[in-house]
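Letters are used for the chains, namely A, B and C, taken in the order the chains are written, and counting of residues starts over at 1 for each.
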Amino acid sequence: MDLAFFGVQLLNGLQYGLLLFLIASGLTLIFGIMGIINLAHGAMYMIGAYLVYDLTFRLGNFWLAILVAIPVAVALGLLIERLFLDTLYKRDHLYQVLLTFGLILVLNEMQRIIWGGDVHSVPVPELFSGRIRLTDNLQYSHYRLFVMGVCLALAGVIYWVIRHTRLGIIIRAGAVNRDMVEGLGINVRTLFTLIFSVGVALTAFAGMIAAPLTSIAPGMGDSILITCFVVVVIGGIGSIKGAFWGAILIGMAETFGAVLIPSLASMVIYLIMAAVLLVKPRGLFA
Amino acid sequence: MLHTYPKRVVVIMLVLTAVVAVFPLWGPAVFGAQSDFLMEKLTLMLILALFAMSLDLLVGIVGLVSLGHALFFGLGAYTLALASPDFSPAAIWWMVPLVMLVSALAALVVGFLVIRTRGIFFIMTTLAFGQMLYYFVNTSRHTGGTDGVFIMFRPSVELGGAVLLDLDNPLTFFYLCLALVVVGYLFLRWLTRSFYGQVLDGIHDNEHRMEALGYATSHYKLVAFVISGVMASIAGMLAAMQYGFANPAQLGWHASGEVLMMLILGGMGTIFGPILGAFAYEILQHTFEHLTPHWPILMGLTIILAVLILPRGIAGLIIDPPSRARLAKSPLLRWLKPGQAAPTSEAVKPAASAPSREG
Amino acid sequence: MSDIMLQTRGLTRRFGGLVAVNDVDFDVRENEIHAILGPNGAGKSTLINLLSGEFPPSEGEIRYRGRPIQGRKARHVARLGIGRSHQKTNIFPRLTCLQNCQLAARIHMGGVFGSWRSRHQAREVDERALQALETCRLVQRAHTPASAMSYGEQRQLQIAMVLATAPRLMLLDEPMAGMGREETAQVTELLKGLADRYTLVLIEHDMDSVFRLADRITVMVDGCVLETGPTAQIRASERVRDVYLGRHHEEAHP
């Protein structure tokens, strides 16, 4: 493997990891603050991708599609939160698992009804359709760089919110001890709604900007969900910092695993998780 | 007392068992040509009942919510498929111990890792380990990839050359599955009422207190994890015999989710509930499939409704039948009118007193 | 020094920046009732949690019968013969009164597979469980589910469960918390009766009971030991009266 090829893989791993971070941070926020395990999180990623696919062709513009898709996804998330999750806050995790699993079945099937079972793709927007030449026969797409930039910017915003705002204090407190959130004298109901919307928006947005890079297919949410669980377990539940480094680690591991040890590639991330569990059962950053 | 139920439970279960057991007598008269197909369905339901019961030991009794239980089900199926010779049947006498050994070892390793985690972590890690095996069999050459592995011959049950049971005969296989469900049920009933079961109840209610008393709770949980995994692998082995193949879908996380649904439909923590749940789930799915190609929506909605209004499942309805007063307090009302006072959580499970946090 | 059962030196526990227990030297003598007094947040429960292995100390040493035990897990400490009860009622609500005690009594049967030990051993355990119930006057409730008992009975069951583990040293965190006058008197008598067979460390707010029961008292303030001594000495101590009793009375009568 020459240096340029290695460099491309490094960039790919980083880009994938950053995308994972957007999804995993939503997952970990929702758990850390609300104490809810949301299996339908991956379905929101899928819906984000399908919405952009649909709207890009309807409106003829990728950017416009994203602009319209975000409020739609958030509205759907809010609907779910208000209708179902509200009843689950005080209940056992088992019921949260079952209810959100039921939601997955419903959402996956709705996707089939609306968009069918075919695999789709979205063209890379013209603005970023160019490529950077790394060597004579290796190039790197502008769009991937753009995705990285957006993810990093969002990570920066999240970091700033957590470090420097009152909401951040609550989030950090929640990661250590969830009971404390309720003791802080804030309107828990509004906070939960806010956190859930942000979580859903992050994962749906990840699906949207990933749309030109992946094939948009039924069940795409399920596999990303499980990868994100691994990220969260490795990083430590509730920890945004853990989600970030966990996501980068898993992004790299999956990318390089696929290149270096193709026969074991699909298992690499689970083996890493097993190793982390062995050494630090509460995650690396808990 | 815990794990003892009203007499009507025994009566209902005995009657249902009898009805299922004599299906070969009345089935053809009622369903005609469809009867053979239905008996195959019944056999499958019995296998799933065994699978659901095994998970109940973890989820309902110990309180460990596993979202990766299909791992062991699939492991049983694949062990049978891969260890069976291509051109002759395997002998059941070494196949069953092999399946049990493989699954026990897997449960020991996976259990050792996941039992170090709690609550939501446990859910995520069991799910992840289940998917690990799923992706492995999906991509590995030795396991036939997405196609799975076909089983050419069901194992033989012979002793000294004499055929004791002919598993290729659907009727024999049906009764074998029925017998295993009964044995499995009696075993779990004995286990939950034994002292070991009492310790598991204690762990479910208040693990912290059990530790303070002097119990190494993780050892108890690990043993339950292994027992449960081995039972699930037996069910998986039977399923592979029934289908004639082992297939990645048998150990994917949707299979794990489905068996959890059987638990909630039937009523967890009761051992007999999940048996009812497996039947109810399969019957519902069968019905929905006939109604619409988009049956997963109906299945999903059923589960959501069950979580909201029937958290103790069918077993809960049998143990204490709904009265007018209890209906008035049902969570459904709360769901419809969120402003109302919250009902007590007795419908879910007795509140365990939290460990003292004062310092 | 043979009559010292439990001893701590320089025992300290920090939670983040907060020092909950600060450099505590604390001795418990064999067969005494040793009460720990102090205002809320003085670190009494944390001290008990350190002694029982609930969490490890940040610094310092705990010796039980001459052997260092700091850093051992709660279940190991329990098996050494240090039983504890919690401040909040901490029983198994779905099990009967007797089953609760059996659960406690069987910890010495060893391992998971002890669950399937001989009938002879099982009978021994059942006897110990019954004895514990008898001591706590709960025999007539043996087959009542714990959740169906009154609050006072549940608190007594907690003590019975500690007894059933056959401890040498009992750590009781506010055994009379939330009890009525009559029940308090009853439990005070019960504890008094245990004194000749067991060593007791007791956190309690009820002054009358403490002065009636305790042989020695340790007073804690802000994580530190203010004074340790025989009950009469603490009762007469100016320092204790100023710093603790004064404040306590303010709390009681605002």
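By definition in this document, a contact is a pair of C-beta atoms (placed from the backbone, for glycine too) under 8 Å apart; a residue touches a chain by one contact, two chains touch by 3 or more.
Protein names from UniProt, one per chain: A, B = Branched-chain amino acid ABC transporter permease; C = ABC transporter ATP-binding protein.
Here the structure is a predicted model, which means the values were calculated and not measured.
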### Query
Which chain pair shares more contacting C-beta pairs: A-B, or B-C?
A-B
### Remotest chain, chain B as reference, centres from CA atoms
C
### Query
If you average the CA atoms of chain A and of chain C, how far apart do the two points sit, in angstrom?
48
### Query
Hey, how far is the Cα centre of chain A from the one of chain B, in Å?
31
#### Entry: Where chain B and chain C are represented by their mean Cα positions, the distance between them in whole Å
42
### Message
Where in chain A do residues touch at least two different other chains?
### Response
none
### Summary
Two or more other chains are touched by the chain C residues none
### Task
Enumerate the residues of chain B that touch no fewer than two other chains.
none
### Query
Okay, in this complex, where on chain B does chain C touch?
1-2, 194-196, 198-199, 201-202, 205-206, 209-217, 219-220, 223, 350-356, 358-359
### Task
Give every residue of chain C touching chain B within the complex, in rising order.
15, 20, 43, 45-46, 49, 52, 54, 73-76, 78-79, 84, 86-96, 99, 102-104, 106-108, 111-112, 115-116, 122, 143, 145, 147, 161, 165, 173
### Message
Applying the document's contact rule, which stretches of chain B touch chain A when the two form their complex?
### Response
59, 65, 67, 113-114, 116-117, 119-121, 123-125, 127-129, 131-132, 135-136, 138-140, 253-254, 257, 260-261, 264, 268, 294, 296-297, 299-304, 306-308, 311, 331, 334-335, 338, 342, 345, 348-349
### Task
State the interface residues of chain A toward chain B in the complex, per the touch definition above.
31, 37, 84, 86-88, 90-95, 97-99, 101-106, 108-110, 112-113, 222, 226, 229-230, 232-233, 237, 263, 265-267, 270-271, 273-274, 277-278, 281-282
